[in-house]
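Accompanying notes for the structure given below.
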Amino acid sequence: MIAITSSHISDERIEEIVQHIEKFGVAAHVSKGTDRTVIGIIGKADPALAEQLRAMKDVENVIKISKSYKLASRDFHPDNTVIKIKDVEIGGDQLVVMGGPCAVESPEQIDLIARLVKAAGGQVLRGGAFKPRTGPYSFQGVGVEGLEMMAEAGRKHGLLTITEVMTPEYVDICAEHADILQVGTRNMQNFDLLRKLGTIQTPVLLKRGFSATYDEFLNAAEYILAGGNPNVMLCERGIRTFETYTRNTLDLSAVPVLQSLSHLPVIADPSHGTGRRELVEPMCRASVAAGADGLIIEMHNDPDNSMTGDGVQSLFPDQFANLLVDLEKLAEVLGRKFD
Amino acid sequence: MIAITSSHISDERIEEIVQHIEKFGVAAHVSKGTDRTVIGIIGKADPALAEQLRAMKDVENVIKISKSYKLASRDFHPDNTVIKIKDVEIGGDQLVVMGGPCAVESPEQIDLIARLVKAAGGQVLRGGAFKPRTGPYSFQGVGVEGLEMMAEAGRKHGLLTITEVMTPEYVDICAEHADILQVGTRNMQNFDLLRKLGTIQTPVLLKRGFSATYDEFLNAAEYILAGGNPNVMLCERGIRTFETYTRNTLDLSAVPVLQSLSHLPVIADPSHGTGRRELVEPMCRASVAAGADGLIIEMHNDPDNSMTGDGVQSLFPDQFANLLVDLEKLAEVLGRKFD
Amino acid sequence: MIAITSSHISDERIEEIVQHIEKFGVAAHVSKGTDRTVIGIIGKADPALAEQLRAMKDVENVIKISKSYKLASRDFHPDNTVIKIKDVEIGGDQLVVMGGPCAVESPEQIDLIARLVKAAGGQVLRGGAFKPRTGPYSFQGVGVEGLEMMAEAGRKHGLLTITEVMTPEYVDICAEHADILQVGTRNMQNFDLLRKLGTIQTPVLLKRGFSATYDEFLNAAEYILAGGNPNVMLCERGIRTFETYTRNTLDLSAVPVLQSLSHLPVIADPSHGTGRRELVEPMCRASVAAGADGLIIEMHNDPDNSMTGDGVQSLFPDQFANLLVDLEKLAEVLGRKFD
Amino acid sequence: MIAITSSHISDERIEEIVQHIEKFGVAAHVSKGTDRTVIGIIGKADPALAEQLRAMKDVENVIKISKSYKLASRDFHPDNTVIKIKDVEIGGDQLVVMGGPCAVESPEQIDLIARLVKAAGGQVLRGGAFKPRTGPYSFQGVGVEGLEMMAEAGRKHGLLTITEVMTPEYVDICAEHADILQVGTRNMQNFDLLRKLGTIQTPVLLKRGFSATYDEFLNAAEYILAGGNPNVMLCERGIRTFETYTRNTLDLSAVPVLQSLSHLPVIADPSHGTGRRELVEPMCRASVAAGADGLIIEMHNDPDNSMTGDGVQSLFPDQFANLLVDLEKLAEVLGRKFD
């Protein structure tokens, strides 16, 4: 950690700051430049020190050199985390495809889609029972019943299931029915939800907040890991930028960046990341080529009658099936297994 | 609402879409242009229709002409909402100043700061007992005890109090101790929290998500209003942009925009909106000149020993007092009362 | 084009607006909704009409349904533009790789790098003789001599050459020496430069402005096309977002988006798009998988002694050679030729 | 300047880097932390050193502690620059208002508007003779004749004039006719234009690029100053963000930030900064309260027949006149003269 002081700081004030730092049991190296004085803090400092320094008079900036997260960091855990759920391994050589509708609508719908996902070669069935919606008057999901419909379809067709959980009190019931719990983009910094997910062992797919930096994203994962749940996957799902033609800007550099900063598996979500059906296929290919450990893809059997607007980005069943054929070829060239 | 179709759509498909629209009890006007066909939906449509249209094949874009929120809209409620709490009126002629530390630290600290806020002419004491923190290892607030310390300081010095609530289960206890509940920027779309706040009558200060559009912000307010709590204030606290010199970019246009779109009071937060002490004063003045109904300002008696890094943006007590003298003069010219 | 009026508009004012529209020789369809009135303009309108409408009292918004560019649009030119330069075809089946240093530094340096690019299988040598620099005290390029060094190296090793032109008066001399002229991201809306490039036939690689929308990007291309030069390639080189870990955010969705909106070839620039050497390789692979017609990649033989800071994103020669081996395998699976 | 190395760097490599630094005549202090080694560069380093360090293997990041601009910096020039043109002083106590249409259209139009600006108390007439336009088919301005019409109207009504110059070759003719030359947002990094403006003495109003950081903005000013023209004003005109309700997001914090980093006068442009007529008035007030040295405001006598779409943000003459009455009162409270 480095503290940069204002240009007109007095020697007495520098000495005061140094003494403040030393109270935390770490050393301070003062380095006077032409314009400014830089104080380096040597040793693992309490996070409170950074905060106090930042608040102090005559300190202009505090730059962290070490990362603020530990358990999520590759420095701490050099080998890839591989999450094994039944016969699926996420984060290893296997390419994992999660497919399904935005929202579970009925037992027939989810059963039909599960059949299509399985037939195409997908390993995980996605579907929302609880839907986070911008406005209070939009369809909010079918609720607990949806969890049961999805669990049944997953069992019947031999697929794992993933569903979104929005609030701490629903974590237990969702974990009872689904193999993977998803934290949505708007909840990435819902710290109570993250803490609750740290108390169980069910794997969690944590979506990047639509305006979260990599550092904030990995700190959010740290909340779950620090609670005791090591089974976290990171999901890049597009960020908010000035471009409005696509619903979000899929930041595929996040895939290699997160894999270098962290040991956790990285999944890409080109459906939400683009918000446009015609872009899902090329961006699924690009995600795999960028090194993603898996994909989560929206597919709907009948978008004309979908219950949420996310149908606009859902693939038709035949598009989904053809895409997975392509991905298999691509996976092979890239040293990934997908079958 | 307007649906814009793709350029190669067939007449049969247009007819199918029109029939789909009419099932929702509204009329469809088809208007064929040189390139594209536009379908206008006339009448108050179910939000589900917009979503289904967006999902349909050959529909390229759906543009909402009416707003998706109602209770928050000035169309629905032409007069300003004035929230009266004891002898303070927020949203009327009075300029309201909320001041205090980022976090409550001890009874002595909050008592001292309350005395300073009162002496300077502020009406509301701010302070956090629960702190949302990016990383799990940072100071998370002193908890319920902090609520009690703050309530006591408010009572003693004749100030209203405002504190942040982070999770539905803490709403009741926070409402017991504080006059106003604050929803932080990371929780603006924590829909369960918003729903819970809709079930009480305690005034809520809703902070804009750091990447939320005005439309999303007003839809978040709508969740609280729709639940039955009409006492909502909107707070602009800076948005995330490419500029990193300031912690956030204070979007002061939000003040007149929100006042034109909505009848709810609008408060500005230049402390978080800039993240730099030296910018708080000019931006407080600018907020009042832009028409803000109130300000929320961080002030700390001893930033060197503040327990959170937000000290960097906290005013010193004398800066705070001088600023309020300036604001009084400014308020007078602008037709606001502040005394 | 659609004009949306304010909610309180009078019938007389609507009639005035309609008459104004009809003066432009197009028809106006008025459609009164519950809240607002929408006026549809039917027929190819003069762009001035959109502007006047936007300026009129009681007009709240004008939404263009047709695109504002024509020659750049795929509607106008359904087949891909293939730019043939000597034996290289850009925009067809061939994958094109442009490689080289940020700046030409000496005849020896550019000759050595040209040899490495050729040996690895690249078709085009890149290098800057004039460098656009944020501050006036940075190295500004070696100038005209650099053009000659590069032309010589290209000739000797059988490579095409591409170099950046920054100002209209240098267009002719750059075109004399280089096979392709590059317009940098800061000059995407330097309209005099674009107009000048429209008067020649030398192919132009137009880089997307770092905060330009797709629509603005294609309008910039339109300036060159409208001047009479049909040989334009579009280059995605990363956009500015809130994320600062990468220098820019490479927006790979731009590749399929631009290919669907336009017939022009699309090149990706993962070097500037990420600004970090370790991300260039995965993002080159991702670019090809997203469908890019070519890549432009920085490579330097001796980054420790590079004359510009862009060395941080330059590949070492062996990385470059290995990457091109990988890209060949990938190209094959994706139906592209690269040899 | 500080170089941060990668965690696995060898002592030999550190030594190599230090020797490289010392070749530039400055000292290097190595400070080994728990995770990383930090190398501090002590002394005024050549900008090329920063660039080379950034490019070197095992250097992860280079952080500049000193600023990259000099002449534009307040460290270099502690007193405010006051630009005196005839009897108007920009950057001193006086509040300066520049008003007029987006584009000069005819002698009658500009004469009428000049009269209105003068009557309301404005000191400078604005108007564009050359218009930068996103697409090639939009109205591009009336050209040189417009310069003459404006000069004549300014002379007749006793107003200074400001007009935009878009390309180096037009600098001289524009400077002949106008008192102040404006560089538009898209040209902030048109370095040849900046260099040319450095060779004259006519005052320049430099608009911030719509996605430029403060640092880039001040470096652009540095190009003009370094060329020998000290008469530069900075203009905040809104930045591009995710919010699309306003055309840009007016970043008013830029006013006090730029005034603290630099000695140059700062002008605000609420017309382009919001792009909506109803926001111009409150944001003009806010700009003055934030400390702006002046305002540039669009006003049009007949927006229904304006020749550019910017009419949407133009004030009507009576709005403009009333606003200036308000600003006078505000100026007084804030210690500014405006009469």
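In this document, chain identifiers A, B, C and D correspond to the written order of the chains, with residue numbering beginning at 1 in each.
As a convention for this text, a contact is a pair of C-beta atoms (placed from the backbone, for glycine too) under 8 Å apart; a residue touches a chain by one contact, two chains touch by 3 or more.
Since the model is a prediction, treat every value here as computed from it, not as a measurement.
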From the centre of chain D, which other chain's Cα mean sits the farthest off?
A
For chain A versus chain B, which are copies of one sequence, does the interface use mostly the same residue numbers on each side, meaning over half shared, or is it different?
same
So how far apart, in whole Å, are chain B and chain C when each is placed at the average of its C-alpha atoms?
39
Cα centroid separation, chain C vs chain D, in Å, comes to 26
Would you kindly tell me how far, in whole Å, the mean C-alpha position of chain C lies from that of chain A?
31
So chain B residues touching two or more other chains come to 211, 215, 240-242, 244
What residues on chain A touch chain D, complex-wise?
2, 4, 7, 29, 31-36, 38, 40, 42-44, 63, 65-66, 75, 211, 240-242, 244
Flag every residue of chain C that touches chain A in the complex, lowest number first.
211, 213-215, 239, 241-246, 249-253, 255-257, 260, 273-274, 278-279, 282-283, 285-291, 329-330, 332-334
Interface with chain C, chain D side, in the complex: residues 20, 47-48, 50-52, 54-57, 59, 68-69, 132-139, 166-169, 186-187, 189-192, 210-211, 216, 219-220, 222-223, 226, 240, 300, 303-312, 314
